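Both complexes shown next keep chain A, but they swap its partner, so chain B is in the first and chain C is in the second.
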Partner chain A sequence: MDVLPYLVAGWVFLAGCYGLATSRNLIHAVGCLSVCQAGTYVLLLAVGYRDGGTAPVFSDLKPGTRPVVDPVVQALALTDVVVGATVTALLLALVVQVAKRHGTVDPDELGELRG
Partner chain B sequence: MNRRMRLCLVALGGAGLAALFTAAFLRLPAFGGDRHPYGDRAVRAALHRHTANTIASVNFDLRAFDTLGETSILFASVLGCVVLLRQARDEHRARPEPADVAPPVRRYALLVLPVAVLTGLYVVAHGQLSPGGGFQGGVVTATALHLLYLGADYHALERVRPLGAYEAGDALAVSAYVVTGLAAVLAGTAFLANTLLPYGTFNTLSSGGTVPLLNAAVGMEVACAVVVLLARFLDQAVEIEEDSGK
Partner chain C sequence: MHHLIPLLVAVPLLGAGLLVAGGRRLPRPAAETVACAVSGGTAALALVLLLNSSPPMVEWVGGWRPVDGFSVGIVVLGDGPGLGMAALASLLTLAALVYSWHYFDEPPRRHAGSFPALMLLFQAGMCGFAIAGDLFNAFVYFELMSVVAYALTGYRIDEPRAVQGALTFAVVNSLGAYALLMGIGLLYGRTGELAMTRIGRALDAHGAPDALVLAAFVLVLTGLLVKSAAVPFHFWLPDAHAVAPTPVCMLLSGVMVELGVYGVWRVYGTVFAGPGGVPAPDAQRALLVLGALTAAVGAVMCWYQRHIKRLLAYSTVAHTGLFLVGIGVLKPEADDGTALYVLGHAGVKAALFALAGILLDRYGSLDEHVLHGRARALKGVAAMFALAALGLAGLPPFGTALGKAVTEEAVGGPFTALYVAVSAVTAGAVLRVAARVFLGLGPKPRESAAYETTGSGERPETRQRLTRVPDTMTAVPAVLLAAAVAAGAAPGFAGVVADAVNTAGSGGVRVAVHWTRAGVLLGLLSALLATGLAALAVTRPALLSAPDRALPLRRLQSGHVGDYVAWLLVGAAVLGALALPGVLGG
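After this line comes the complex of A and B, so read on.
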């Protein structure tokens, strides 16, 4: 089952997409977008894994004694977690404004544009 | 478009995407394999530059320019939130009533608060040595401050949180990151190149050249950004009210 972690990543991503398409609440839709993002983290970390590997931190590990996992993808996932959280906050701020101006958070009821 | 038709479209697109995913995944290098050319080179470069935490080295040295982009996204989205969640013309501010807090909640929140803030600062400071760094430690520090909201009330939180100072701190931290990069240019190398400072002794706080500086700048930015974000959302929930009867 060498491809199972990759398939899990794809499945998480598609589950988020399904939620986005069928969402009836904008807050729920923002949550689904975070699920899509989580799929990319699973993929990144799966790509970087090495059998028997440990964290690439050498403060208490002598270099060369143990295999370490790929630090590049870990750094990518790490920055994206924080940046993704603030982008989620921005989207939620948009939802707050939509709820105030239109009185609804159902995307299906936001049919008409209002100036 | 009705819901049934939309669902059919999603199923069609999703099935196509799933098929493409599977085809791509089958040709990826096997999970847990031993071949990580970039990872091996990153580990070598980090050890060469005396940074014990390779991930900090990747973020603040090898890919420091990329992290500048990430912090800019962070800064821009905080700016967007501040603009979106401002007080509108048809709203007013109401002073929130002090609420009673259960004594055990108050006691433990105030007890944990200094420990949590200190933990956050520790995680930032040791970013180049142990797991952690500016991104994680900043979030811990900022959320720890909000224990005051749980333990006391909103008014107490507002007193330890002069929002203007945090907004300025956010901008200042991003500028500090850019200035550190420009300092390398002035010294005659590339933007954000880690050749300015001595690499120091391996596994000590001052090791890694400019890594600790950039790490601290990002820690400050993330902490300020999270404080400002949470303040804006709390304002909406607690203080800002719509004028009724208009």
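After this line comes the complex of A and C, so read on.
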């Protein structure tokens, strides 16, 4: 088993987390969240990869003639992309509202909810 | 009968679609009637299915059954706990819709369908999560209910606090969801299955647990514990609950957070409980440590709040900790008790939020100090508020009391003391609010420049301040309280709940659940302690609420989303460390 893709997935996820934790701009933070999610795509695709496999499309391929990658994880990754698009759109809309109501997108300056 | 289970998701989704499509043309009463009918119909369906859920049903959606032991279909479960949570979510959605009937002021004036449609989507997400039998669909519904919850929390987009709270909620929960998905990916990589029972069996066939199983366990539990607001994943909850509209708070605190606990119970029991999963002592250690910590932190923070909704939010954190301890001891009796506790708590907590909403709409504030003595006129609301506080403490015959008593006996030892103390402190804080706000007892608290969120400056959710409280807004908490009492007092109800829980989990061990003398006495003790604490706090404010004592703890709740993300990572690391020894030894 090749562990490199798994390490990459973990690295991308943690890099996104680091960005989120240290972010000084909410738009940047939303971007970092998408980076975290990119880590999940890499992991899912790595899980489904087969050596020498091709796309699981059987229109021009006789089943059983050559290995294909796992179509289930590809379906999962697609669903994940849809979920991610929804979350990012909603988050960016909220950031726009934060910018309008607070006059800043720096999380350090949002101090109303605490204690 | 089992073919009807997917309708629990499909019906509210369809209703939401209709309301979004036709909302511009519908007058407001029509949109609200449609929403109530849809959510009520779904609740009725869930109850009918629940009554027929013995033996448990399984449905492969669209007839995609497993072939030669391999499955690619979507499986939904129709067992007692799943359908019970779906029924609870549906009934609370109905209650929240009735509560907001005609009075809740909605920003998009020309689209009457938007708020009810979002509520129905939320209901669909919660029902879907409750009945999901495979992990990926659990993730999808987890995300669906989360996204709708973010939108509902930030529904009043003109409010600076609302958008900030919603953003924090969204970032932390989405990150948790991605951790959950990573864990699911790892489990799929190991087993090639997504249905929970099949993953569990495949893990057992693979042999003793290794680092991959531990990583998957930590990632999946991180996602679910973020949703159930366990310390240190809990920071989003007070920020979100304090700013969400009242009907939404009822759902968030009453059932969504508990769905996280339900998810932990379900996933541990079906996926990780076998010999190939995480050994019982390690899972026990992880859940008990985090649960006890959550209960203690929630109770202390609850005591120091003056923003009423925030206070109730911390009480939810504290009670979630108790639920986690309940499922963490891995005993069938404790599971039964926790199920009853969740049901009773849902009624009591939703009622408390509804009553707090009345205060907001009538007096334009949620601040305990500002409202001091101002709500003397609301006699009925005051009585219900105090009664709900006692229910929170676990005064027999509330359902909370029975659930707490059963769990207390099962967990035993120091945890029993934790249950009594936490329920007494949280209920004491609520009773203190009741005594100050409704009776004007004690001196008016002095203003201090403390590190805290005040409840002033909140805008009423109705178009103008209420001069008289509408009947729907008082009837809903009354019914919820009556239901919470019925959960404990109705003969036979506890036995039915216990049977349903034991059939689905606990390895088929059946235990009887009933009131015992010790349980009643412990419940009375909690209620008495709560009353005593409240009396002491009101008469001698300096003694118990010196603002500096909990300051280090309060400073952690900084309102900064980056801090919360860092805590999430710390929590995941702690979870891994707590579960590590068994995997090393195995």
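We take it that the second predicted complex is superposed on the first by the 111 of 115 C-alpha atoms of A that agree within 3 Å, B and C clash if a C-alpha of one lies under 4 Å from a C-alpha of the other, contacts with A are read in each partner's own complex, and residues count from 1 in each chain.
Here is the rule we use: a contact is a pair of C-beta atoms (placed from the backbone, for glycine too) under 8 Å apart; a residue touches a chain by one contact, two chains touch by 3 or more.
Since the model is a prediction, treat every value here as computed from it, not as a measurement.
When both complexes are overlaid on chain A, the residue A:His102 reaches chain C alone and has no touch with chain B. Look at A:Ser59: by the touch rule set out above, it reaches chain B but stays clear of chain C. Once the two complexes are overlaid on the shared chain, A:Gly111 sits against chain C while remaining clear of chain B. In the superposed model, A:Asp51 lies in contact with chain B only, and not with chain C.
Of the two partner chains placed by the overlay, only chain B lies in contact with A:Leu7; chain C stays clear of it.
Shared-chain residue A:Cys36: touches chain C; no touch with chain B. When both complexes are overlaid on chain A, the residue A:Thr22 reaches chain B and chain C alike. Residues 13, 17, 21-22, 46-47, 72-73, 79-80, 83, 86-87, 90, 94, 97 of chain A are contacted both by chain B in one complex and by chain C in the other. Residues 2-7, 10, 13-14, 17-18, 21-22, 46-51, 55-59, 63, 67-75, 78-83, 85-87, 89-90, 92-94, 96-97, 100 of chain A are the ones that touch chain B when the two sit in their complex. Within the complex, the chain A residues that touch chain C are 9, 13, 17, 20-23, 26, 29-30, 33, 36-37, 39-40, 43-44, 46-47, 72-73, 76, 79-80, 83, 86-87, 90-91, 94-95, 97-98, 101-102, 107-108, 110-115.
Taken together, the chain B residues at the contact with chain A in this complex read 3, 6-7, 10, 14, 17-18, 21-22, 25-26, 28-34, 36, 38-39, 42-43, 46-47, 52-55, 57-59, 63, 66-67, 70, 73-74, 77-78, 80-81, 84-85, 88, 129-131, 133, 135-136, 138-139, 203, 222, 225-226, 229, 232-233, 236, 242. Put simply, chain C touches chain A in their complex at residues 72, 136, 140, 143, 147, 150-151, 154, 157-161, 163-168, 170-171, 174-175, 177-178, 181-182, 185-186, 188-189, 194, 238-239, 242-243, 304-305, 450-453, 554, 557-563, 565-566, 568-569.
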